[in-house]
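Okay, structure first, notes after.
We call the chains A, B, C and D, going by the order they appear; numbering starts again at 1 in every chain.
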Amino acid sequence: MSDLDLKQFSVRTDLALEAKEIAEKGGAVIPGVSATTLDDNGIRITTLSVDNEHGSQAIGKMIGNYVTLEVPGLRKHDSSLQDRVSTHFAKQFELFLQRIGVHQNAKALIVGLGNWNVTPDALGPIVVENVLVTRHYFELMPNDVAPGYRPVSAVSPGVLGITGIESSDIIKGIVEQSMPDFIVAIDALASKAIERVNTTIQISDTGIHPGSGIGNKRRGITEEIMGVPVIAIGVPTVMFASTIVNNCFEMMQKHFQSQTSNTGQILGLLDQMEENERLELVREILSPMGHDLLVTPKEVDEFIEDIGNIIASGLNAALHQAVDSTNVAAYTH
Amino acid sequence: MSDLDLKQFSVRTDLALEAKEIAEKGGAVIPGVSATTLDDNGIRITTLSVDNEHGSQAIGKMIGNYVTLEVPGLRKHDSSLQDRVSTHFAKQFELFLQRIGVHQNAKALIVGLGNWNVTPDALGPIVVENVLVTRHYFELMPNDVAPGYRPVSAVSPGVLGITGIESSDIIKGIVEQSMPDFIVAIDALASKAIERVNTTIQISDTGIHPGSGIGNKRRGITEEIMGVPVIAIGVPTVMFASTIVNNCFEMMQKHFQSQTSNTGQILGLLDQMEENERLELVREILSPMGHDLLVTPKEVDEFIEDIGNIIASGLNAALHQAVDSTNVAAYTH
Amino acid sequence: MSDLDLKQFSVRTDLALEAKEIAEKGGAVIPGVSATTLDDNGIRITTLSVDNEHGSQAIGKMIGNYVTLEVPGLRKHDSSLQDRVSTHFAKQFELFLQRIGVHQNAKALIVGLGNWNVTPDALGPIVVENVLVTRHYFELMPNDVAPGYRPVSAVSPGVLGITGIESSDIIKGIVEQSMPDFIVAIDALASKAIERVNTTIQISDTGIHPGSGIGNKRRGITEEIMGVPVIAIGVPTVMFASTIVNNCFEMMQKHFQSQTSNTGQILGLLDQMEENERLELVREILSPMGHDLLVTPKEVDEFIEDIGNIIASGLNAALHQAVDSTNVAAYTH
Amino acid sequence: MSDLDLKQFSVRTDLALEAKEIAEKGGAVIPGVSATTLDDNGIRITTLSVDNEHGSQAIGKMIGNYVTLEVPGLRKHDSSLQDRVSTHFAKQFELFLQRIGVHQNAKALIVGLGNWNVTPDALGPIVVENVLVTRHYFELMPNDVAPGYRPVSAVSPGVLGITGIESSDIIKGIVEQSMPDFIVAIDALASKAIERVNTTIQISDTGIHPGSGIGNKRRGITEEIMGVPVIAIGVPTVMFASTIVNNCFEMMQKHFQSQTSNTGQILGLLDQMEENERLELVREILSPMGHDLLVTPKEVDEFIEDIGNIIASGLNAALHQAVDSTNVAAYTH
């Protein structure tokens, strides 16, 4: 990842939910952005829409639809919670397709972005290995496919360092040859908050843009480029060391504020700074020595496997009427 | 693999060398096919060309160039032999490119055919993971690339069961986007002879055709389809149980013939049969019960890894002037 | 594997069922060996006991209990069949423990023999990675373990080439330190018949002896050496090329005999030979050129994974009362 | 890892070098601890000995010998630096063996501690897979072993959650059966400083104690328990989120102090705190919400593979006279 890419992470977030929270700090109300929230026993689902240019400017996210599942307990390797998340994800994804007008027989191409040799970046490829692929049955024996399935294909384009070709170009080539009606692109993200790493899943219809995700994409995967709608599924799997430090400062401030009225002197200069200013300072201190690492939890292998299975199961149930939450596990490893 | 594909294996071989040997049985001389052989201490290199339609008909292989490296000791995990094979392969591949008129700066796309989840079919993907990829340097900073390199990209398109899309279509899409000057396609083959499994490497310029290789390709990877020359690298990694039986019959016949003059009664009815007829019989007997399995040696993991590294090292040295046999190992895992 | 080990495979089988079949050829009745058979829709279960020295001599297997599950369809990757096999295996294993007097709270050590780097030899290690391990809960918080579980530990000792130590010695050391009440040892076997490869599971209480399995064990894993009962679970995963040839000869003979009365001249000299004599001939012909390979089906990765999961699920249900066939899948990957 | 174990990390370090640095803060001179340092172009080697009980108390490390290689550039995937580190490591390890009186023919058992399913904890098992194992040659054909080798065996005992048995017990059992003269135990550690993660290797002769390493060992691997000397090789591969925060505070303080004279008000309350007190505060703030994660760099797969190969190559050269820095690569993957 080039320094250029890293810069971008410092000033923006890939999650619309976070962008809205940041914009609303200090109590601002943002016209042009609407959101509803649903809680189900440890799973919070936020349906957010950026309705106009005003809202888009205010939170720095494109006009479009965003759904976020937040599951703080997801790092606990609890298989019954995982099943519930998968079922919720399937339902939300199905509703999302309806909302943006994707027909139930529309042909899907699932794209697993990221580097399969770098565990926290391997989420996309893991999902691709576990989804139910059916397009070839429709091509080779269209009359024999049972009802309740749609044509689904799936590829992992790899990353620039492995292929020498932009993943955007690889996908465009495949789209032109295989002609799907829409694309579902899964990507690992860098998080702005410790608590979101491997606990949050975002669905959006605004495509994938250069500088998003962990990998160093230089060209986007968007409806404009691909010619068909692109639904992105993003999961934060890494964070910068500076993010951790900055998060902790904030928690400290809140902690002390609740204990004393004389907040001015608690963290000294840091108290005076705005969040972005403080983050910039932390990065200036850590970066020169190469200490602003992108880090991931020690249990990354298990977390990526678990979330990969949740998304694959959810996609199988959402994309095929014949697959539902009771038999969904049979379709993944 | 469908029954249809299996049928094809019974009447043809992917190796031009074998096809020629079969056609020459009984002492026939084949006009239109020429071959020269070079031996170097356990490595036999045969350069074969099918020059005209007559030769093509006679041996059942397309007009074109074929180079075969036969290394009976390759299954012995001998690293100094492996280095020698890699060096020979590199030299032969470089000569091959010259012979068919591929310029030394021509842009290469390396394609690893086959299924990475099926070890004996994973040769292509393993090569792709180990070759030196440079195309992105030429794209992103063309003035900074050191002399002695050419643009090389590499992809593993997967198989129909994983992607739902013909590998031929995936490659065509990528070719149209990334515009290489030629393709190098690596594929695992089914062998007609026990002794060739994981010991033989064939280079050819006739492309890859449906029914060749282990996987069930329905469309070819040829210059006609791709618009650029296709150099195929094939390695036999599996064989049918019926092949083993048929090979053994032949060895038995030779064994007995050297011991007795009364050859007529040794193997009874089998003595009377032609090779193809006998193979057909064996397959008729094994197939109904599902016993005509495609098998691979027990040590398949190690064999595929070893040959994958030989080919990757050889390609690195052949494609880049700056990489030679003394530093080639540094460019693979 | 040394030539010595290979020799042993030619004259013996690791499956008591096969040994009995061979001994009974020509209609012999074997006193001292009793067997009952149960068929359930594609699964055949044979419970066999060698009751005395006479029976042991006759079939070349030790006095003891043997249960075999034969499932010809197991190579078809049918998950509902796999579930049924797992359930049957669990029930048979539980009955087996009762029959040989292993108490339901007896402490188990599960041993996965074989080389994890050689896929067809990796069955044991795969089972070990998927069984439910509980011993440490009993050691660390004995009062908090829910009812319905027994102490189970599990290790994969590796092979001589990886560790430099006999697996028998490693296990003995672990047994002395951890003091289990019995051992369950899983091992991959070489098959005498194409149709048994990855379709047959044998449970026995006679331990594991040098020369059995694929790996080159020089010391046994037996009650005599370990001091506690050893239950072996064996699955044929490889076969010799010579086995395939010999199997095919036999099928040919039967095929021709059903078509003609003049059987004498069909396969010439081969007709006159006994099975062992013929196998010896085949091996003499294939071996000198290194062609008597141990081979495994092309799909070995999938087959080993599938059977590993069947055995792990079955052991979990058999060893723990709290785990049964309805929730067994939750305890394996 | 239990909360208990986590606590221990907060107050101690596994690296003697760090312990000495912490104790020397403020300029204290520590009698009973001596150290010499050697620098070679990006590699710093510190040879440290804790000579008496006084020194041991002062820095909180046992009496014994410690050698540390610090290589800040090791995360840059530079293969020529890696070769140099491996050569230095080999030389230091050989000197270490001489210093503590291990004879050049003494039999070694290499133990790879940690969990092979958790990448940052898999260092030990990766080393074990790559070392040259020779013990079985000495056992099976003692007269045929070439000069320049010693008997070396190697095992990865796994972790409690996989085996149900303490790794200490497994090793003790194997030691009693295979009777090595000394043990080399490789373990992944938690770091107290960002800059040490995957850049530092420590050799020591004080064994491995409960609470050290990443895994939750409850019993030690020491000469007292094993009956033979234990040489530990430790590499920090993970760090706590709180460590990152605390490191950053310290860097901030230094940064500001160099810019202003009025240091008292810069970080407010934090300026007044001692390091341990401040770390405690950070942990109190992060822990309740489960945010004091153990994290590892995103590129963990590559880092662990690289350092595993360095250590394996180094051990091969150090343990066998016949293997040296010019041919060492041939003995690892």
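The rule is short, and it goes like this: a contact is a pair of C-beta atoms (placed from the backbone, for glycine too) under 8 Å apart; a residue touches a chain by one contact, two chains touch by 3 or more.
Heads up on the chains, UniProt names are A, B, C, D = Germination protease.
Predicted model only: the values in this text are computed from it and were never measured.
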{"item": "Proportion of interface numbers common to subunit A and subunit B (over half same, under half different)", "value": "same"}
{"item": "Turn needed to bring subunit B onto subunit C - CA fit, degrees, nearest 5", "value": "180"}
{"item": "Where subunit A and subunit D are represented by their mean Cα positions, the distance between them in whole Å", "value": "36"}
{"item": "Whole-Å gap separating subunit A and subunit B, where each centre is the average of the chain's CA atoms", "value": "42"}
{"item": "For subunit A paired with subunit C, centre-to-centre distance based on mean C-alpha positions, whole Å", "value": "46"}
{"item": "Multi-partner residues of subunit C (each touching 2 or more other chains)", "value": "117"}
{"item": "Subunit C contact footprint on subunit D (complex, rising order)", "value": "117, 128-129, 133-136, 140, 151-158, 160-166, 169-170, 172-178, 218"}
{"item": "Residues of subunit A defined as touching subunit D within the complex", "value": "72, 75, 117-121, 194-195, 197, 214, 238, 241-242, 244-245, 247-248, 251-252, 255-256, 265-271, 281-282, 285-286, 289-291, 293-302"}
